[in-house]
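Structure provided below as structure tokens; questions to follow.
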Amino acid sequence: MVLSTTERYYLLECLSGSKVIRADARRVDQFRPVEATCSFLPNSNGSSRVRLPDGSECIASVKAKVVKVESSEVTDLLNVEVDINGQRDDAEAVVSFSSILKESLAQCIPESLLKLTEKYAFELSIDAIVISYPSGISSFYSILTLVSMAVYLALKSTSLPLLTSTTEDAEVEEEPTFSDDWDLAKLLFPKDRLLAPPLLFVLAMVGPNLLLDPSVEELEVAENGLFVGFASNKAGAPIRSISLNSTNNKGLSTNHILDAVSTVDSVGGSVLKALNSIVENSTSEF
Amino acid sequence: MFKGFEVSSNEQAFTLETLKSGIRFDGRKLEEMRDIDIRLGDEYGYVEVRLGNTKAIVRISAQLAVPFEDRPYEGIFQISTEISPMAGPMFEAGRQSIDEVLISRLVEKAVRRSGALDLESLCIIAGSRCWAVRADVHFLDYDGNFIDATCLAVMVGLSHFKKPDIAINGEEIVLFSTDQRDPVPLSVLHIPLCVTFAFYNPNDVEENIKGSSSGELILVDPTMKEEAQSLGSMTLTLNKNREICQISKAGGLPIDAPVIMDCCSIAYSIVERLTEKIKQLLKDDEAKRIDINVQRALSAANDR
Amino acid sequence: MSRFEIYSPEGLRVDGRRWNEIRRFECRINSHPTSSDGSSYVEQGNTKVLCLVQGPMEPALRSQSSTAQGSLIVNVSVTPFATVERNKRPRNDRRIQELSATLTRTFNKAIVLKNYPRSLIQVNLQVLALDGGLLAACTNATTLALMDAGISMYDYISSVTAGIFDGQTPLLDLNTIEENELGFLTVGVIGESEKLALLLMEDRVGMDSLEKVLAIAIAGSHRIRELMDIQVRNYGKHKVAKLANQ
């Protein structure tokens, strides 16, 4: 997006003051309205679609496959691939999104969740496809929140078939068998447990202020950016600084980072709650 | 069809007028193929096909290989159709244009997918050894209609080719040279042949889509010039058992379904005639080879 | 032999349909109002396709600009999770390239391209779930999305597959199981005519049964055209009502 000098100056002025005025009248820690649906793909164990008002959209799918366990590493059972429409498979954003998501997921998913029997486990293939994004986007990192929400919803709506054979199969030759009845299927992330997939929040820095969920115009004037993870109901790793545009770049201060963590800490819970209600009320329609 | 070859508007109008009166530049009728000249090489599986000025060479070869994991009971059959700039200046080396992809996909569908070659007969030891048959197509000269020429050449090549005889001793495979044992032909189940039609529209576009008359002009086996001016093409692949192996009308001018049925019967009569021709040709070649073999035996006796 | 009975003696297919029934067909237009100029979403049974159209717009490359008529680009991408077994296709997969070329050539003749000189129309198709009839669903989705974008077309192109069972019974609108067992063709019919913009067949079918299969496929396409037309008209009315309220 190309801004005129006046527009740029105006935005900077509004966003860097002690009282922040965002162009769409949001608070600094307020999200744009998100539209989402779950479980609309019959071929996948879990699926989701998330859309932002600026037209950005991400579709995520989770597919589970039964594999023989060779190592006890969770990373071997997770397969995360991100695809951004119109970008090459080896584009920087595509590669780094995949690895960021995989790393943060591996930290939050205990091995016990995927382990099926003594010999077998579920291997999860998580695919996130960014169908569209605003045409003048200056950095793909701004859609990381969107992608992480889609992955969160897809994982939350993932259900796995009920195991009918024994879990103690170390000496047994047979492969595990499952119930045909999908009504008996279990959610990968049970509702009664605190366990949840991680979310990643992108914040843009303008002057002393931090803006949650920056819009395309705000990205253009951002002086730096960072993303903060949110898992097990608190903000934490991964925290990383990201460049949101190629024109201006200033350093982050310690205050910025502390500020970012506390912002995410305070809004994370309510975002999670909102997303969970989407999973529960989803109609399985696209 | 291919970029870099353009026809002037005058010439286009002229072509359309002549086609309307049922005349083509080379004096053919609309549903007539060009003359086909097939030459078999001294070696089994070498075929030169000339379709008018379009010229292609096919070389069939076979070697021992390991079958694909998901198909342990089947041999491997590959067709390689790479068009080099030798065929004409409009072809680029190294880069496959979309037209080339379509040609190779079509030949693949016509020959491989229709099961012209019995892949199970290529299996030697299930899961570990099989024959890998390759058809390498070289395009020497392009004057339209590569597909029909290629398909014909590959089919003649496969019917002509003979692979060396083998014997299995437990896990060991013994390969005999042609002097030791006569080579064995491939098991060709049917001979699919392609016939390509080109479409022209003498009326305007609205008449073609909305009108009730089907006044579209259809001609068989277009030359390069005719291809460049056509509004679309359709390739039918049939065998003489009255089976359609493949139809490909990927877009182009909309054509009435009954007209397509007519095209099928035109194509069938062409295919029937061509199949006869191929059979006769292979028979003559076989007879000639026996003669030579007999002569050789005699000459050997005389030498002594 | 498959463990499924493709067509039972009672005249029922694997999913309980009769020979001349199409699968559940649902479509929506303008599904992505902000991110594209025209969009549609088509479900044909369990095959789900999303189509976004950008344009007519200024082409990025000089070579895409023609003074005589507009250019059309169709990109198809099949998501890795579309099939039951996850399958990531390479970007230069020849089947996909063939599919995009087929769609481009079909719509080149269906769009009034002479109305859009020096412009580019770009169609992006995302296949979210695949259960037979890929080309058909892509064709229908493209027709709807182009209409939504307000691009002038001569008429609808509606598409469906049809196969032949035992050389006797034609079956309409096949799913994956049926496609793997039977010889089948895909037709693209223009408007309410019997003119075929598109005809693709990949497996052996007896020459004498072709007419039967074609007839049922054309009838099926007309049915799909009706269903799409209802949706387009509903959307049009809805939009007019909205404007009137303002």
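As written, the chain order gives the labels A, B and C, with residue 1 at the start of each chain.
Criterion: a residue touches a chain if its C-beta (ideal position, glycine included) is under 8 Å from a C-beta of that chain, and two chains touch if they have at least 3 such contacts.
Chain by chain, the UniProt names read as follows: A = Ribosomal RNA-processing protein 42; B = Exosome complex component RRP45; C = Ribosomal RNA-processing protein 41.
Fair warning: this is a prediction, and the values are worked out from it, not measured in the lab.
Taking the mean of each chain's C-alpha atoms, the chain whose centre lies closest to the overall C-alpha mean is C.
The chain pair with more C-beta contacts between its two chains, of A-C and B-C, is B-C. Per-chain CA centroids place chain A at a distance of 52 Å from chain B.
Separating the centre of chain A from that of chain C, both taken as means of CA atoms, is a distance of 32 Å.
Chain C has its Cα centroid 30 Å from the Cα centroid of chain B. Residues of chain A found to touch two or more other chains are absent. Only residues 32, 34-36, 41, 43, 46, 48, 50, 52, 77, 79-84, 86, 88, 91, 124, 126, 128-131 of chain C touch chain A when the two sit together in their complex. Listing the residues of chain C that touch chain B in their complex gives 94-95, 97-98, 101-109, 154-155, 185, 190-191, 193-208, 210-211, 214-215, 218.
Within the complex, the chain A residues that touch chain C are 40-44, 47, 53-57, 59, 61, 63, 65, 81, 83, 85, 88-89, 125, 127, 129, 131-133, 286.
The residues of chain B lying in touch with chain C in their complex are 98, 101-102, 104-105, 109, 113-115, 205-206, 208-210, 214, 231-232, 234, 238, 242-258, 260-261, 264, 268.
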